[in-house]
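Below, each structure is written out as structure tokens.
What follows is a pair of complexes built around chain A, which joins chain B in one and chain C in the other.
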Partner chain A sequence: MLGPSEYIFWLLGTLCEAGVVVCALKKGAFRRYLFLNLYMAASVVVSICRYEVMTHSGFTSQAYLYFYYYSDAVLTILLYFSLTSLYAHVFGELQASRLVRLGAILLLGGTAIFSYAVVQESSAKMITHFVVELSQNLYFVGLVLTYLLWAAITKMRETRAQLVQLVLSLGLYFSLFAANYALRNLYPSLSSLCIALLPVFGFVLPLAWAYAFWRLSTDERIAPARLALVPR
Partner chain B sequence: MSRKLAVVFLAMLVLAGAMGLKTAVALHGDGSVIMANGAGCPAPPTPWK
Partner chain C sequence: MMMPAFILICSMIVLLQLGVAYCRSLIAASARQPLSREVQDVTGINKTASGEDFPRIVQLLHLCPESPADRTPLQAIGAYFGMLNFARRTVARLRPSWRAWTEAERAQCAYFAAVTLERRIAFSRDMLAQQMDA
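Moving on, here comes the complex of A and B:
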């Protein structure tokens, strides 16, 4: 059974996710960052559906459990496509959109094959095991891809403030969860603290993206340090 | 090497790196999973536990 604080966190998190879509619509960035907004909109819908399933079947029920993990896999795939759409934005000027799409599909296919290879021995609940494994593996692929995109942005001296903010916040989000997961595995004594922090980390991405859409315009540029330097 | 082959090579390199990172992080794990989607949404235990 969940406590009131968990319900409040859940509600606030869902509102933040809806806020991202509202900010993007209001500032005319919805279509420019379509996959990011689709991911956030899907997160809101999934949150509402999870609440419905949980209230009807219970938190510890099989129905909630399966719905949770299957919907999580769908969200992870959407997040993966959001990330690849950011790649398309960064490399768009190099006319490399087709190559980005090819790479994204290859990587998704490769991750699915790898996940199947890992779970094919487990006869019981194989599909569920595969769905969770795929979600986990895609998460780590997303983490590596985000760091590579960070490196590309630095190397290419990307100056679009909104795009940089979106990528940086995604990297921070992935890093927080990965660090939390690593700490939990390395120091089991810290497990309860790490698990308690997870809902807080969940706010990072919606808040940072809402800020990016609300405060930064699509044309806004950041001045690189070498240009901002004023010689005396 | 053509650009398409370079993309295939990079994709495989990313996959290998990501799976290596996952193995390193989860080496001493108890089989728990990362649940990063849905801000504030409570996660149930994994289905096969």
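Moving on, here comes the complex of A and C:
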């Protein structure tokens, strides 16, 4: 059963996710970053549904377990499409949106096939294990793609402050989750600690996106040289 | 075992790199915002900030009511400032170019904190005005 602090974290997390959509709507960035906002709205809906399933079936029930991991996989896929929409923003001027979409679908299919191949022989509960494996691999693929996007942003000297912060915070989120999953796989004894950290990591993306939508206007620019890390 | 270890190492490296870039993007976005006369007086930043100002401005920030939107970025910049201090005490001793760079970065962290202070003061004034109207 969940304790009061876990319920509070859950509620705050859901409020932060809703806050992102409200900030984007108020600042007129909802349609510009549609997939990002759809992801946040879907996260709110999934949170409410998870609560419903938990109160009806119990926290340790099979129904909740299945719902949790399947909804997590769906959210990860949605987040993956949010990332591809950021690619479309960065490469928008190069008319490469179609190519990006095609590449994203191929990569998603490839990740699903790879995850299936990994769990096919190793697990009795293959379907559940497949969903967990798929989520974990998608986080890592997301991390690699975000890093590549970041490299493209620095190479193309992107100046849109809001876009830069949205991409960077997504990269932070992916790397935190990928590291968490990997640590759990490497040291199963640390599982409880890693699971306890998940709600804390869950705050990173909504808070950073809410800040980017609230504080920065869509046409605010930054000097690309300020983002370079190498001391000059 | 190889795959999770590889993912863990890659994730940690990318986390550090993107974390620093995120902090720098926060600083870059605030660098163009001018400080009001009153914040300049309070913080002592007239033309350029110094890294030594940062802890003092953070103390001033603790005196103002918190604006929820600014809490996380300020924590991120605080962590970045800590990293810069560490780099200044270690790597920068061996390479003089790093010393100048860490000092410039620390100064920008202080300027970011001053911009946040400006926002918090404005936020407090708004809240007070709303209470007076009510």
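What to note about this one:
One rule holds for everything that comes next: the second predicted complex is superposed on the first by the 203 of 232 C-alpha atoms of A that agree within 3 Å, B and C clash if a C-alpha of one lies under 4 Å from a C-alpha of the other, contacts with A are read in each partner's own complex, and residues count from 1 in each chain.
Everything that follows uses one rule, which is that a residue touches a chain if its C-beta (ideal position, glycine included) is under 8 Å from a C-beta of that chain, and two chains touch if they have at least 3 such contacts.
Worth saying up front: this structure is predicted, and the values here are computed from it rather than measured.
Residue by residue along chain A, chain B and chain C are tallied for touches, and B comes out ahead.
Contacts of A:F140 after superposition: both chain B and chain C are touched. By the touch criterion stated above, A:I222 is placed in contact with chain C alone, chain B being left untouched. When both complexes are overlaid on chain A, the residue A:L186 reaches chain B and chain C alike. In the superposition on chain A, A:G110 makes contact with chain B only, while chain C stays out of contact range.
After overlaying the two complexes on the shared chain, residue contacts for A:A210 are found with chain C alone; chain B is out of touch. In the overlay built on the shared chain, the residue A:L75 is in contact with chain B alone; chain C does not reach it.
In the superposition on chain A, contact of A:A178 is made with both chain B and chain C. Residues common to the contacts of chain A with chain B and with chain C across the two structures: 140, 143-144, 178, 181-182, 185-186, 203. Residue ranges of chain A in contact with chain C, taken from their complex: 140, 143-144, 146-147, 150, 161, 164-165, 168-169, 171-172, 175-176, 178-179, 181-183, 185-186, 203, 207-208, 210-211, 214-216, 220, 222-223, 226-227, 229, 231-232. Only residues 2, 6, 9-14, 16-17, 43, 46-47, 50, 59-60, 64-66, 68-69, 72, 75-76, 79, 99, 102-103, 106-107, 110-111, 114, 122, 124-125, 128-129, 132, 135-137, 139-141, 143-145, 148, 173-174, 177-178, 181-182, 184-186, 188, 198-199, 201-203, 205-206 of chain A touch chain B when the two sit together in their complex.
Every residue of chain B that touches chain A in the complex is listed here, in rising order: 3-4, 7-8, 10-12, 14-15, 17-19, 21-22, 25-30, 32-48. Every residue of chain C that touches chain A in the complex is listed here, in rising order: 1, 3-5, 7-8, 10-12, 14-15, 17-22, 24-29, 31, 69-70, 72-73, 97-98, 100-102.
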